[in-house]
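In order of appearance the chains are A, B and C, and numbering begins at 1 in each one.
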Amino acid sequence: MLSNFFSYIIQGTAITIGVTLVALPFGLLLGLLMALVHTYGGKISNRLAAIYSLLLRGVPPIVLLFILYFILSGKVINLTPFWAGSLSLGIVSSAYQMEILRGALLAVGGGQMTAARAIGMSRLQAIQTIVLPQALRLAIPPWSNEASIVLKDSSLVYALGVPEILRRAQQLSATTQQPFLAYGIAALIYFVLVFATNRALDYLSERTKLPTHP
Amino acid sequence: MTNPILETRNLTKIYGKNVIFKDINLKVNEGETIVIIGPSGTGKSTLLRCINLLTSNDGGQVFLDDKEITAKGHNADEVRQQIGMVFQNFLLFNHLTALDNVMIGLTKVKKMPKDKAREKAMEELNRVGLADRADHYPGQLSGGQQQRVAIARALAMDPRVMLFDEPTSALDPELIGEVLGVMAKLAKDRMTMLVVTHEMGFAREVADRIVFMEKGSIVEEGSPDDLFYHPKHDRTREFLWKITELYGKKEKEKGAVE
Amino acid sequence: MIAFYEFFVRFLPDMLKGAGITVLLTAEGLSAGFILGLLASLARVYGNKFVRGLAVGYIELFRGTPLLMQLFIIYYGLPGLGITFSREWCAFLALGLNSGAYQAEYLRGSLLAIGDGQMMAGRSIGMSRAKTIWYVILPQALRLAIPAWSNEPVSLLKSTAVVFLIAVPELMAKAKSIAAQTYDPIGTYLAVALVYLAMVYLLDAFLRWVERATRIPGFEMESRKA
């Protein structure tokens, strides 16, 4: 029976991982764009990016998820719950990832940009070849924190009816009448997923670190 | 002669396989100022912490007023009230004003009433010349002033002995004098003091006895004159030569005794 | 989409009632979490092996799983073992336990930043370990923790929005029922988002004020040196 338990929840696990693997890169792309706009954009686009961040980070993710979900699965755009939920989660995360990347861009500093311009690079070239490679490395530790937050927040798409881990646990609990076991296994799976994610990203952070003086 | 206030017998400290110091025998008499000198990393600071029971010993004994304080079951908190300690990096309580730093031991450990504690604390601050800085936080004081407050904090507990662990080595050169001045005054008032320092001028002028320690043992001890002018061991001579070379210029400017 | 003005007139009392419960849940969870977090951080930094293990287990478990998961295990799972709480209690327990694990890490960070020196100084004037922790380390660590810790109230306020999933009648639950009445989910949730935004903004402003009011002159500089 225990093996049945597992195989049923494992299918939910695949969906949880799927949601995370859509939301996280989508949020990264959007967040990176907004961070660049905020750091290197003109006065107006800079202001707009700041408002984007404030609005999204000032509202509970689940509320945003509902708003975005109803937009993305409405009459105009009609995505499946999985895609609507994952992309919504990505949009929520983009504001947080934007702040992480913005911090990293600031940490790299204007000196690197000046140095790149001094050898004749365009702004875009300088960002692409000089600033970003450094900023992205710096961003890895705080970004791994955000990655595990997105993984945990993927449980919110439960409320949209996506059959991820929690939803499976709920169905299992109903059929087996063993609620504690069902939810306990789900919790264990989450714990392992979060743990593995943290470890993998720690490793990435070690591997990509630039050598420094000891 | 009366018994010493503080005595160590075969005091030993070992970290893993590292012998920090071994078989240290030291006697401190009432009113005496003893200065311990020696190269860095010879266990001088650890020795002071061991005497104050901030670090446990791995052999030997420490006696305070003929009572063995290293004995099992002895209350370390009570011992530390009687042995004052001044640290290299001051270690004032950063969230408290100078006055509160001096008061806290009186109110929380000695359970003294607040007004009496304040009076006593002001007295001690006065003694180190900082009564006018009573309301300042550590972050608002210079290093020298912080160290003087730390001395007042220790003095407020009315200790039998004061331990100084390189009290001036974290200070900018121009601030060293004010701290040494306070210490010299204490010595003159016959406070019993055990001082680890690299300030040779202070050692020569203030110490009753100087102890030269190296590699975890006492090489030799004696009066300042004996040690500076008639050292028995080559190692002592070598160390003193090196350190006067290093500090020589400063000593000359201060007009050290001949 | 019905007019925003009309909407607010009709549903504002209901939303405010929900917002009241949201604020209450935040305050309760934060307080319980603070006590738990303080104990867990002290246990993790100053405890013996056993106590430290317990604290690490608690912190890692609650930081390593989603809040919603914790809420469900308490609300749906525990009854399977014969342990039953009301919805409100379940929400309170989940929020408090979850927040406690995060607050423990903020406090642990500042306890470690205070360093061994202050403990040694306290012991050197005859204070016991417990007294030194209480009179010397904690007052500094708590002040030092404020900037990092002040993220937690806002974060917890936002987290409370998931407890509508076990039908606790806070702001998000009200939103759901209003959306059902108006057939306008997007408009309704946008309006509710505004209410959340206002609460977050006020809370943030208050926390910034606290941060300024509890500064010790020169303390930050001093602690950075240590």
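Just so it is clear, a residue touches a chain if its C-beta (ideal position, glycine included) is under 8 Å from a C-beta of that chain, and two chains touch if they have at least 3 such contacts.
Everything numeric here is computed off the predicted structure, so don't read it as measured data.
Considering the contact criterion stated above, no chain is in touch with chain A and with chain C alike. Taking the mean of each chain's C-alpha atoms, the chain whose centre lies closest to the overall C-alpha mean is C. Chain A and chain C, compared by their mean Cα positions, are separated by 22 Å.
In this assembly, the C-alpha centroid of chain B lies 46 Å from the C-alpha centroid of chain C. Separation between the centroids of chain A and chain B, computed from CA atoms only, is 56 Å. Within chain C, contacts with two or more other chains are made by no residue at all.
Contact of a single residue of chain A with at least two other chains is seen at no position. On chain C, the positions that touch chain A within their shared complex are 61, 64-70, 72-73, 76-81, 157-162, 165, 172, 175, 185-186, 189-190, 192-193, 196-197, 200-201.
Against chain C, the residues of chain B that register as touching in their complex are 52, 54, 76-81, 84-85, 87, 89, 91-95, 104-105, 108-109, 137-140, 150, 153-154, 157.
Touching chain B in their complex are the following residues of chain C: 117-118, 120-128, 131, 135-136, 139-140, 143, 216-219, 221-223.
Those residues of chain A that touch chain C in the complex are listed here as 55, 58-64, 66-67, 70-71, 74, 152-156, 158-159, 166, 169-170, 173, 178-184, 186-187, 190-191, 194-195.
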